[in-house]
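You will see chain A twice below: alongside chain B first, and alongside chain C after that.
And now, the complex of A and B:
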């Protein structure tokens, strides 16, 4: 049974995506002009897309259209012009490019820093410090039907044994970063314990990072496999051949130019 | 033996790239179907959504862009399928400007698949600047923060937003995050202030840093990376992109572990040689 025809823009998008993916992965062989092309297109398109979207969302939707509407409905009311205040502060930011009046940007930055600090400091203290301290100091013993008990289940986050591990970890890592006292004797043991906790944390973070990077690779391969189908005009296979042939041609041409030496 | 170790330590890195490519490509072309074990943190998100009554308000924030698509898109698809199946009212948005088109595409595709209607069953509000300030603004008045949705339809009077004035009317929210402007920001400026329950879905890179929030109950669940997405697909009984990638993920991990072990063996064999690490 023949496959359903895909819209032209979908097929075209698949060719662009497959081509750029292969161009970027060609860096694994070595730095080359195809990789450079992909890299520059990525940067240019990201910036262009962001500018257009910001223009429509911020300038038109949040400033121009509400201002136009408010002024049209009540031109005499001062409330209709309130959006001009943030707009003016925004224009002040752009004065950074004109040295003679760049001092105006400080007003806008002062507003941003003042507002940002005021909003962020209390919330951050509450969420990152107080709540986390609260969780670090859990009760070791719990009152159950059979009296006071201590949990030894490592899989249960709130168990007594995990509370001890957590407390030892927090105290020893904090001590490791406490440089006012020489790390000798008991201090050295505590600091060493802190290092072990840090190592375990770094190992876990690195393991997750590897997993994440492999997932991204799987995602690209999934797309490349999809685009290798007849519905997409065998985009991956054709472009893979084009990429390999281009790299071979580039390698030969560069070697001829450099008298047999590899471009690297 | 030392000669072999010396040659192996100096191996062309491109051979390692080929090994990883083979480890990923072969299971993708011929899957062997390893079992997927569901973790408690993923189950917690599923259980919460499962227990929500019909037409409850579920806010899904796409706090990522196309560079994290392979990990977070499967999570988004699985969560949306579950929410639409439960007949929840879904509100979508993003804090990442470059993720707007991607998020709208995911919403439209899953809504079309499940027969849901924009404006009635779900709304995609799009992107707005401000980060934490935007969340505070949504906590005060959703309609001032988003006067219109992504398709420029006024939010005021949308059937899907009936009875929703601000974040206090949201029953559950999940932030799918690839960085700082995501789960932590939603907790700090949203949940902590406006008291709604929330969970997170994240890339593998930032997942370890979110476990303290999970432990302390600041978030009630966490879907981490492609593995988390595969677990969620297993829970909703609808296998998708994430499950398909799990065999490849396991094979790649196996190759990496083997390479790390071999490299350590060669390192210890060559220890003490001139010019080699001691």
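And now, the complex of A and C:
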């Protein structure tokens, strides 16, 4: 049975996606014009995308449409024009490019930074300091049918033994970063314990990051394999050949220019 | 003029900082409305800030193109990609899908943004591997602990590792949920204390670097 034809935009998209993916992976050989092209396209497209999103989600939905509606409903009310305040502050930010009036941008920055600082203080204390301390100091013993018991199950994060490990970890790591007391004697033991906790956490974080990158890599390779099929016009294979030939040509041209030496 | 350039920004920071610090402790509709509205204002202002960055990017690459410095063609490609995306985005009214169908803007997102972003991040897998070789040589007891933790987590996160060493799954969960949590918690407490101290310094006008340099500061 003949394979169903894919829509043209899907096939075209496959060629573009495969080409851009191979251009970026060409960096594994060395820095080259194909990678630079892919890199610059990535920046350009990302910025363009952010501009379009900002225009539609911020300027239209948060500023223009509510302002138009409010002024239309009550043109005489000063409340209808309240959104002109952030708009003016936004325009003040752009005065950074005009040296004579660039000081106006300070007013906008002051507003943003003042708000951010004010909002951060109570929320940081509540969510990141008090809440974290509260979660660290859990009860060791629990009241069950057989009276007071302490959990020794390492697989249960809330068990008594894990609570002790967690407490030791938090205190020792905090102590390691506390430099007002000399790390000698018992202090040295505590700081060393903190280092071991840090090393385990860094190792775990590293392993976790590696695996997440690997899953992205697998995703890209899966796409490349899919696009290598006949339904997509063997996009990956053709573009791989083009990429390799381009790199060989670039390498030869550069060596000729530099008198036989490798560009790097 | 000195008041407008120097004291007014500091006064605005102080008033905004104090007002929104206390706002948290006032559970009143007026207070709730204030934070909701000003948060929207911040989104609007940050939208303008995006244009600040955009103008800076335009300037940097315009200089490269006009002076025709080596690699100026890439700057031109950046311009074409950026303007092309903006034009297509406005033409599609910022929508990636309309009535279940993909728009040109959606096509651009699916076939350029997604692969480029995924590839850029995935390429780090190779560099992480080479960095791991340098970092993981067990030259000290601390490096050995880091190596063992990383290997156990890597094994515990993939089916092959779990098949070869079934215990790695449980140990990985314990490492992430208990030991890693303890360290993250300690770092979070330390960073938060620093953030609170910095916020206080900003509100009280001790830290002024956000206002930029210049004689007027």
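One rule holds in what follows: the second predicted complex is superposed on the first by the 264 of 264 C-alpha atoms of A that agree within 3 Å, B and C clash if a C-alpha of one lies under 4 Å from a C-alpha of the other, contacts with A are read in each partner's own complex, and residues count from 1 in each chain.
One rule holds in what follows: a contact is a pair of C-beta atoms (placed from the backbone, for glycine too) under 8 Å apart; a residue touches a chain by one contact, two chains touch by 3 or more.
The structure displayed is predicted, hence computed values, not measured ones.
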Give one of first, second, both or neither to describe whether A:222 is in contact with chain B, with chain C, with both, or with none. first
Which of chain B and chain C A:238 touches, first, second, both or neither: neither
Per the contact definition in the header, classify A:11: touching chain B only (first), chain C only (second), both, or neither. neither
Which partner does A:205 contact after superposing on A: first (chain B), second (chain C), both, neither? both
Per the contact definition in the header, classify A:134: touching chain B only (first), chain C only (second), both, or neither. first
Does chain A have more residues touched by chain B or by chain C? C
After the superposition on A, what does A:27 contact: first (chain B), second (chain C), both or neither? second
Who does A:115 touch here: chain B (first), chain C (second), both, or neither? both
Based on the superposed arrangement, let me know which partner A:85 touches: chain B (first), chain C (second), both, or neither? second
Which partner does A:247 contact after superposing on A: first (chain B), second (chain C), both, neither? neither
After superposition on chain A, the chain A residues reached by both chain B and chain C are 28, 46, 49-50, 53-54, 57-58, 62, 115, 119-120, 123-124, 126, 128, 132, 135, 157, 201, 204-205, 208-211, 214, 216-217, 219-220
Using the touch definition from the top, list the residues of chain B that touch chain A in their complex. 14, 17, 20, 24-25, 28-29, 67-71, 97-98, 100-101, 126-129, 132-133, 136, 147-148, 152, 184, 187-189, 192-193, 203-205, 207-209, 212, 215-218, 224-227, 241, 244-245, 248-249, 252-253, 256
Complex contacts: residues of chain C adjacent to chain A: 4-5, 8-10, 12-21, 23-25, 35, 37-38, 40-52, 54-55, 57, 71, 74-75, 77-86, 89-90, 93-94, 102, 105, 107-126, 128-129, 132, 142-143, 145-154, 157-158, 170, 172-193, 195-196, 198-200, 202-203, 210-212, 216
Would you tell me which residues of chain A are touching chain C in their complex? 9, 12-14, 16-18, 20-21, 24-25, 27-28, 33, 36-59, 62-63, 82-83, 85-87, 89-91, 93-94, 96-97, 103, 105-126, 128-129, 132-133, 135-136, 154-155, 157, 162, 165-171, 173-174, 177, 194-211, 213-214, 216-217, 219-220, 223
Within their complex, chain A touches chain B through residues 28-29, 46, 49-50, 53-54, 57-58, 61-62, 66, 115, 119-120, 123-124, 126-128, 131-132, 134-135, 157, 201, 204-205, 208-212, 214-222, 225
